[in-house]
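Here come two complexes built around chain A, the first alongside chain B, the second alongside chain C.
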Partner chain A sequence: MRIELERRARASTAFAAISPLLALVLTLFFGGLMFWLMGKDPVATLYTFFIEPLFDVWSLHELVIKAAPLILIAVGLAICFRSNNWNIGAEGQFTMGAITGSILPVLMPEWHSAALLPAMLIMGMLGGALYAGIPALLKTRFNTNEILTSLMLVYIAQLFLDWLVRGPWRDPQGYNFPKTISFAPEAILPELLDSGRAHWAAVFAIVAAIALWFMMRFMLKGFEVSVLGQAERAGRFAGFSSKKMVWFALMLSGALAGLAGISEVSGSIGHLQPSISPGYGFTAIIVAFLGRLNPIGIIASGLVLALTYLGGEAAQLSIGISDKISRVFQGLLLFFVLSCDTLILYRIRLVFSGSKTEAGA
Partner chain B sequence: MVSSQDQGEPSLLSVRGLTKLFGTFAACDGIDLDIAPGEIHALLGENGAGKSTLVKMLFGVLQPSSGQILWQGKPVSISSPGQARDLGIGMVFQHFSLFEALTVGENIALSLDPKISLSKISEEAASLSKAYGLPLDPKMHVADLSVGERQRIEIVRALLQNPKLIILDEPTSVLTPQEADRLFETLFKLKAEGRSVLYISHRLDEVQRICDRATVLRHGKVTGVCDPRQETPASLARMMVGSDVAAVHREDLGTPGEVLLDVKSMSFAPRTPFAVSLKNVSMSVRAGEVLAIAGVAGNGQGELFDVLSGEYPVADHDAIKIRGTSVGRTRINGRRLLGAGFVPEERHGHAAVSQMSLSDNLLLARAHSDRKAFLAGGLGKVIRHGAVKAATARICQVMDVRKSGEDPTAGSLSGGNLQKFIVGRELDRQPSVLVVNQPTWGVDAGAASRIRQALIDLAKSGSAVVVISQDLDEIFEVATSIAVISEGRLSDAYPAGTLSLERIGLLMGGIHDSTQHASHAGEAADAH
Partner chain C sequence: MKKLIIALAASAAVLGGMSGAAQAQEKTKVCFIYVGPKTDGGWTQAHDIGRMALEKALGDKIETAFLENVPEGPDAERAIERMARSNCAMIYTTSFGFMDATMKVAAKFPKVKFEHATGFKASENVATYNARFYEGRYIQGQIAARMSKKGLAGYIASFPIPEVVMGINAFELGAKSVNPDFKIKVVWANTWADPGKEADAAKALVDQGVDILTQHTDTTAPIQVAAERGIMAFGQASDMIAAGPKTQLTAIVDTWGPYYIKRTKAALEGTWKSEQIWDGLKDGILTMAPYTNMPDDVKAMAEETEAKIKSGELHPFTGPINRQDGSEWLKAGEKADDKTLLGMNFYVEGVDDQLPK
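Let's turn to the complex of A and B:
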């Protein structure tokens, strides 16, 4: 017996709809299996991991805090991926956005103004966009692969941040801890509700998702993204420029990642430090694919992936397993999402006869 | 209709009432087919007539919804290509499935019993290929072979299974005339050995030349079984298309008007190592004229289209003029705004995005030129889907585009129907200059005649039309004047009436003797 993938006559709409759910179910099953092999009760552990956080106001706020950057980054990446540009460096653009956004509160701590926060957010977006412009320049000028260049730039951004907070930007009164001075109250992104820490980044995320959904669905720009992503030659025939699209897609996703970065620093942390992200920029790739590269779907998938972060923390506290487990869950999820997506275009056929290997078309 | 059953001889393969449904659509509807031993049997039909579906069922790639297949009189169900091969059916697909990085011998071995050694297979393949006049060197890498040689691998691979029936799907569509002749000799050898051949084609002259009998399909049904040699091309075409193929009607187009497209000593360097450079190309096309550009494939036709369309602008702004305006450096949408329309050769991925709907594909070519109708919201450029869909429906109706739903994806249409849509998309806006590359390439006779008529009608209404084509029949049908492109150089244009086929043939090779030498050298290498 062997398993064959047989191409469907047309894409299955049923599987396009259930593939993310199927992936979730498979992830839960294999996650439970993993807990069981570790000697834990799989049901109880999964409950702690995925359900318990949803019954607590505090953790719901934490969920929103973690989902916001994921959604912000992922909607930008979705546009980028749809245009066939593979920005893998959102983590670096996030970091660079956090750095450029922090220039004002760190270097001009005396400036107290209502314009401070908007200026920081704009500078954060600019920083992320310009940083994503480097792979765009390299791709359009030298035909380099943006997957490699954007990924390598992540490590440069992270080490640059590390050097800043240990060197020139270190808080003189900080007992030699590698961190900058704490931001002034005017530089802090306000909380949304009195009940918890969730801040305005969540609003940015929802607005960005809806705006980009509208663009993809109703605007010529969205059409241009899809055309160039699917057939570059046809895009040229339509008068669209694929070079300009490289710049647009990378800088858009870079700007949103930069906005997520400065929002995280300003809203959740309050200063710069060597580590400001638990890998949001990479996890957002999973969010984008789980949400079918659709900005509205990404809102839902962002919440799901945020839950894996929370669950990891909960599991560490109450069950005593490493919070690396959330990475395992994210990996499982990406694996199953991509595998289940295969079923949209292919069906699985079990062939029982012992016939010879087919070489025909 | 000639009945096939009165020969008394038992059929090798019979098909009774074979039906294949895709949803509610019957791709094949109650098909009867008989293939006698030792005959070359043609399966004729337009694109989308159900030929491929039928053949896939015979080869076990698809399963019939109902009906029966009889092999040597016994009912069989063919559930896989492997089983079809075991029965004695071999198939040569239109699109090859070869690994370019492997040698000929390795490619053949892959489809055979893994227990047989590679050297034995190579030996057998070499002797077999020699016996059938299909010279092949088993040690050559596939990547280095021509299309014709690759097809030979597929044929030899099928022959190694010692089949009683060989199915060939549009085998000559990829071959040069010389290669096709060699293929026909092989088919006659196979026939002489008592093997049967099912030959799928829509080239009527070939079918008349080599086939003993023909079964004609239309819309999934058998519309005739005949001896093609007793028929005329017109009567065969009638069976294929259902009515007489409308002869393209071209009265005198009147005296040409003003020059609408003017190209003066334009040169264009090759973009890629495989591209042809355009050298000093000049032409001028007047209102009411159809200028056909003949030439053998790969002599700069694609490059000429790229430059005329503005997909790749030229440095000299004055080298190209549309309606008196210099457009050399103007891009495609700027040229469209001046009233030009363009139809590229490649339907999938150039003229249309296969995965997108027809209405999206309409927007593809006309978002800019029709932005008042199709876009709203000023700078926001919001697409007015309603208006685009209405225009799509209008075009489909005018051009008789047959499709399976309200707004299906471009990829789901047959080649002819998609081409009608792509041409109709431009005609719908009455372009004053239309540049078309290979308008009826791989398109069935009915659609081809409709498209050609539309081109002539457009010229008659006062537009300038440029048709780049390799099909000389098409050129003589539509052109008022003819120029020939060879190695990136364009000849002067001659009035269509003054040029004979021979003259064009000379022009194709005559400008540069080196072309001919090159092709002769290629053939010699080919034959070892």
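Let's turn to the complex of A and C:
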């Protein structure tokens, strides 16, 4: 017996529209089933996981803090992916942006000025963009695979950060511990409201998402991204340069990842240390696809993924289930989104003929 | 629709009332935050064993909760604040990297009592606790010098922080007290707990010809490599004898339980004060796992040293001790003070390694 995917003659537009919601419902159902099998009350656990964090101002702030870098990185990646450039190294550009953005507060701690923070943010974006320029250069010049080069550059960036905070940038008063000096108050991204820790990164994320949505929808550049992404030859006939697009897509996503990096360091951490990200650059890939590569959709999917992190923590503390549960939810969600999308376009067909010889082979 | 709203409101009221009733007889909540998985077989597991001992001893008055695998960084601050907000009256933050996060949250929740392991910052409601692990490492160094044929030990280190440098030095001093030519090779794994990296470091050291291994990382991977390659090793933080029944000579076993019970009791009785505790073998905060896989005379020597350290007769950092470059650090009979030890950033003579700069 064989399983085949057969393209449907006509895909249902109604189902295509509600597919992410359907996936969410299925995730909740199977998640609940899993809790029930573990001997926990499924309703109470799901409540703790997905609802409770939404009814507390403090935890809403935390949700936004967690979602902001995911959204910032994911909207950049969405443009990159839609242009058919596969930047897998956002984690590295995030790290590099954090490093270049920290040059001023670490090396010139005496410089107190209102221009400091904007300069840090711009340098962070530049750092991320230039770092993403390396795979762009390699791809346009030597036709290397940007999936591999961008991914490998992640480890280089992380080890470079590691070396910096243990070596030249180490806090001389820090008892040898691997961290830089704490940033001066002028170098800290301000909080938005008095009620919690959420800072300006959230605003950057929303602005970036809306700007890129506008670009894709109404500007020629957006059209160029889609055309070159879907049919490169057709794009070339239209006079678009695919080489320039490689540079544009990679450097744009790199700049946004870099901005996320310096925002995280300045707003949430307050100094550089060996580990500054719980894998935002990689999780953002899931966020981009859950949001169907649409910047507005990514705002929603970024919040949902952030919620799985927070919910996992809350459930661990109050119900005592393993911290791995948030990973399981992320996996379930991705699985159902992808399978819903697939099954709307394709139907499953079981092929029975010739099953014996194949099974024996 | 209106009826539905009324029904919802009523059930909410009932639920609210119920939780109010439950709160009246609620036990004091004591929370723990771990950097690794609670089953890592080393550092975090030792803390979790302490937590269970606490629950067993004071279970009628307290309940415990924990978060594991919390990364050191902004996530730690959120995790600790979540604990403070979910009625944890006392919070033990069990990794060095939680220090700044602990201080920040503690400032916001002055009524919650915080205990931070191995840090150097404290305040009204943040106490610190640590163990004099170097005492155990000195004993291990002596054993290593007697058991090693080549006079060369491999040391898998985590980060070049004072705590770790102090441990390497204590091991070397112990070894030199038996064999003045004893040498240590160090590999920096740059992680607290990563079985893959730790095993790689162990293999690299064995390939360089060491015939005894010791570690300042959290998992049992190095001792397993030692067992495979047929050399001897020491366990770290927990008794790792199960990972190498014929390999482990002894282990430094962190025994946090009594400390957790003492401090939590003080908090319940209202006598808790912020203190900076740095206890040693004599206080039982660290103990030595049974001396195994060694001849009786080596065992006798180890037991004698342990007794001398406990009685205060022997301090591992007693001069004459030279720095790595041969310059004098401590004169004969002079003892290192705690401040120097806690900020230690240089090697003693005989360590075959450069401190990462």
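Please note the rule applied: the second predicted complex is superposed on the first by the 326 of 361 C-alpha atoms of A that agree within 3 Å, B and C clash if a C-alpha of one lies under 4 Å from a C-alpha of the other, contacts with A are read in each partner's own complex, and residues count from 1 in each chain.
In the analysis below, a residue touches a chain if its C-beta (ideal position, glycine included) is under 8 Å from a C-beta of that chain, and two chains touch if they have at least 3 such contacts.
A quick note: this is a predicted structure, and the numbers were derived from the prediction, not measured.
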Which of chain B and chain C A:Pro278 touches, first, second, both or neither: second
Which superposed partner A:Asp341 touches (first chain B, second chain C, both, neither): neither
Which of chain B and chain C A:Glu146 touches, first, second, both or neither: neither
Contacts of A:Gln230 with chain B and chain C, given as first, second, both or neither: first
Which of chain B and chain C A:Ala314 touches, first, second, both or neither: second
Touching partner for A:Ser268 - first (chain B), second (chain C), both, neither: second
Contact residues of chain A, present in both the chain B and the chain C interface: none
Chain A-touching residues of chain C, taken from the complex the two chains share: 31, 65-69, 71-75, 77-79, 81-83, 85-86, 96-97, 100, 120, 159-162, 165, 190, 342-343, 345, 356-357
Chain A - residues contacting chain C, complex: 56, 58-59, 62, 65, 162, 166-167, 175-178, 264, 268-270, 273-276, 278, 310, 313-314, 316-318, 320, 323
Chain B residues within the chain A interface of the complex: 22, 59, 61, 79-83, 91, 93, 95-97, 110-114, 157, 309, 311, 331-333, 336, 342, 344, 346, 348-356, 360, 363-365, 367-368, 375, 377, 380-383, 385, 409, 412
Residue ranges of chain A in contact with chain B within the complex: 9-10, 218-221, 223, 226-227, 230-231, 233-234, 236-239, 351, 353, 355-361
